[in-house]
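In the two assemblies presented below, subunit A is common to both, partnered first by subunit B and then by subunit C.
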Partner chain A sequence: MKVLTLNFLTCAVKACKTTNNSFPLHPKDAELVHDEIEINRDLLVNVLPRIDWTALRTTSTELGFPTLPEQPPTAEDLQQDEKMLKELHALLLETQMMEGKLVCGHCGHEYAVREGIANFLLPSHLV
Partner chain B sequence: MSRPEDTLAADVHYDDTEARKYTTSSRIQNIQASMTQRALELLDLKFPSLILDVGCGSGLSGEILSQVPPEEGGPHVWVGMDISASMLDVALQRDVEGDLLLADIGQGVPFRPGTFDAAISISAIQWLCNAESSETSPAGRLSRFFNGLYSSLKRGGRAVCQFYPKNDVQKQMITSAAVKAGFGAGLLEDDPETKNVKLYLVLTVGGNATGSKDIADVVDGMDGVDVLDNRKKGEKGGKGEIKKGSKAWIIKKKEQMERKGKIVKATSKFTGRKRRVQF
Partner chain C sequence: MEYLIRFSQSYETFRLPEIQALAVLEGIDLKVVSYSLESPFCIVKLPSQDAAKRLIRRSILVQTVHELWGLGATLEAVHADVRERTSHLWDQYLTCSFKFTIDSYQGTRSGERKIDIINSFAYLGFAGPIKMRNPDQEFILFEDWPLNSTPLGIPDPKFYFLGRYLGTGARDLPKKLDLKKRRYISTTSMDAELALVTANIALAAPGKLMYDPFVGTGSFPIACAEFGALSFGSDIDGRSIRGDEKKKTLKANFEQYNLLGRLGGVFTADLTNSPIRRLPLGGDNGDNNDSGVKGRLFDGIVCDPPYGVREGLRVLGVRDPEKCPWVIPKGKEMYKLPDFIPPRKPYSFLAMLDDILQFSARTLVDNGRLSFWMPTANDQDQEMPVPTHPYLEIVAVCTQAFNKWSRRLITYRRIPNAQVDPGAVEKAKEAQETGKLLGKTADELNPFRKAYFTRFESPPTNTPDNEPVQ
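Then we have the complex of A and B:
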């Protein structure tokens, strides 16, 4: 599960749909791997405006990475600043959560992650 | 053809044996690949996008998304949802590039609003017509799915769902659930009335933001689509005495549809194919 995906996943429990605390989910006991993949600049430029930067800073800190700058890079930065592009790529697309749990900050539900696959199946009373 | 959808839950049908059998069949690989290509063509993505693959299975559809070359606007990054752990296991063994979620789309789509540029679903959503337990109804599951899908797509985004309805009732049930969720919807049929008939539900997320498109404009840019918009725009077509199926009948029907605000278009490289306009 890429950090990119963690920036979009929310708690699936019905009661959590309307609160802000159900995003981002908080990684717990996370085992990470770094999986090298080719840089896709146009993809990053495309998704950048949709990244919740505050949530990304939270996730990144919770995963044990150095604190991200307060402000997100701009599309221009990504076009011009090769280093910044690489760092963002490494964090969002190359860093994968393989094992652990994703915990909802509102209801406390824990979604297990095994071999990189998050289990979002819910018992029917939570749907 | 046998329909496991009618008797089994998807995660029961797609067990380890079936998942392997399904994925290693070169016949199935080819069919899924060509339907995914068709869906991509209908999505008409201009740059590398974030795509949801609904009912991604072992990744036969998703891997096509990863393989789109830069000249054609790719490669795309995808996230797949599937209810069958066995199918996802095969996806892992095949080392697909997309992220995978073990999830039941009948329970919703757990992404924040506006996450995806687009979504595809290849041969999966007919499974929603069968309730998996006594606590849920097909209508409830379809509505949770389409509402979730609608919200997870960005404004101006599109989804293309190829599916195998058991009959017209299922086709109608699925289409109307999509429209109720707010989608602009059209149905496209390739090779109608043959045993290879393929049905695509083309969905658009409108919105008032600049750059968003009405379904009419969207369809305008698509190749070979006979799309029916489910919105009604006033007057009903008059009764015809012309023989059903004749050229005059078709022309008349097309006029009627245009008057209703529906879109009638059929010129492209797929024009040679037999195709049927649906009501």
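Then we have the complex of A and C:
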């Protein structure tokens, strides 16, 4: 599961949806792998406005990556700044979480990640 | 200029929606001049021959596209039309190498007769060498014959078209993604050709994000990734994604086609309790005049939800908490164990469709598309209506008919918030309140399932024919 996907996922428990603490989910005991993929500038430009930058900064730090700038780059930045493009590409698309847990900051529920596949099914008392 | 599209004569109702979608994708102004479900020949108006080539290059249902040189019900009429349309073009083809053939649809000609007909076009004045392999230009006379013309001894076709060849569609892609050669499939994997057509109609393209909430073995995400999109998927049954956890997995399928870089992520989840972040409807059109991208994640959603017949339709929850009161407390105790599998209950197919529409309205960017498959009975009395949503406009309804039932591919476009009719939103709310389905068993919840297993028979009526013989 790419780091980009982590930016799209929040706690599945309905009561958590309205709180800010449930997003992003916090990786715990995360095992990461890095797969080299060809850079796709159009994809990154398209994806950029959909990323919750504050959440991505949190995830990036928690996964042990260098701190991201406070403000997201603009589409123009990505066109010009090759280094920024490469770094974002490496973080969002090349880095994958294979094992570990994703923890909700509100209810504390832990979603297991096994072989890159997270399990968001809930027991009946949380549905 | 007018162009001739030579379709394959299959999946007829999908053909126009597919090229119309490709016209949107390529930004080409496409006008359909003549089209019929019964014929593989379609005439369109396009701005240029370059546009014609771009339009069909990734089409699954188009065989070839041609510059239209003439048409008519008789050869004489064709000759007159060719003179009228193209005399000013002939000079360009005087010296190039060329090939001239006849393509008879539903009919045959003897070799001699073919040569006679080809020679009747001698006035075009092409003096270049004839090359049957890789000629500079290829001219094809298409003949549209009536059905069964050979056994009936019909001497001439209904209609003729003369075209100059421009390009070929992507008819080889279904072979590349053929299920028979795919590492990992299941009983309900969508066949490659229809998955690719679906991806085309849903506008999958490089740089776009596509999502399948009923991913199974990954047929749709693979088709979308083949067209360059980044694919996401989820399924309530994690086993379908994991496969045998060795060589037969969803990931292995992406690997087989060298598409692993375009697999964004797959996870186990239930659409009614989805972990995908989304804002309430209408809540994201504040002061930023973006195209609805903020808070909405996907360019397209494609899926084939379980109909509840071959594949059970279930969501998280307990079917009958009163009858089995121990299930919930037991789950509370056990849910942290790694092997815990949460209980699931049967769910209504119609409610599931509403959930898909609501989810899509909240997660699709403006003009993003939802394409999903749903079954229906062929009998009009039992036909299931096409579901509607105030934020989604129906773009196309395509039908694949079987004996007693059909499945339809329904495609919607996410309307920008500003264009949504507030009256429709109110009406939809009321309809939702009154239309809530009650029931616990699979049959009660799913009229299609019930009809399927009672062979789509209408309730018995008291006609004299049905009365026992005295």
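Simple rule for what comes next: the second predicted complex is superposed on the first by the 127 of 127 C-alpha atoms of A that agree within 3 Å, B and C clash if a C-alpha of one lies under 4 Å from a C-alpha of the other, contacts with A are read in each partner's own complex, and residues count from 1 in each chain.
Please note the rule applied: a contact is a pair of C-beta atoms (placed from the backbone, for glycine too) under 8 Å apart; a residue touches a chain by one contact, two chains touch by 3 or more.
Model, not experiment: these values are computed from the prediction.
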Looking at the combined model built on subunit A, do subunit B and subunit C fit side by side or clash?
clash
Quick one: classify A:23 as touching subunit B (first), subunit C (second), both or neither.
both
Can A:116 be said to touch subunit B (first), subunit C (second), both, or neither?
both
So in the superposed three-chain picture, is A:11 touching just subunit B, just subunit C, both, or none of them (first/second/both/neither)?
both
On the A-aligned overlay, A:61 touches which partner chain: subunit B = first, subunit C = second, or both, or neither?
neither
If you tally the residues of subunit A touched by each partner, is the higher count for subunit B or for subunit C?
C
Overlapping segment of subunit C (options 78-86, 114-122 or 186-194) - the one that collides with subunit B in the superposed model:
186-194
Please identify the positions on subunit A that touch both subunit B and subunit C, taking each partner from its own complex.
1-2, 4-5, 8-12, 23, 37, 40, 42-43, 46-47, 50, 52, 93, 115-122, 124, 127
Under the stated contact criterion, what part of subunit C meets subunit A in this complex?
206-209, 230, 232, 234, 236, 238, 241-242, 245, 251, 260-261, 264-270, 273-277, 290, 293-294, 296-297, 299, 316-318, 321, 327-329, 331-332, 334-336, 338, 340-343, 365
Within the complex, subunit A is touched by subunit B residues 47-50, 70, 75-77, 79, 81, 83, 88, 92, 97, 99-104, 107-108, 110-112, 114-115, 117, 133, 135-136, 144, 154
Listed in rising order, subunit A residues that touch subunit C in their complex are 1-2, 4-5, 8-14, 23, 35, 37-38, 40, 42-43, 45-47, 49-50, 52, 93, 110-112, 115-127
Flag every residue of subunit A that touches subunit B in the complex, lowest number first.
1-2, 4-5, 8-12, 23, 37, 40, 42-43, 46-47, 50, 52, 93, 115-122, 124, 127
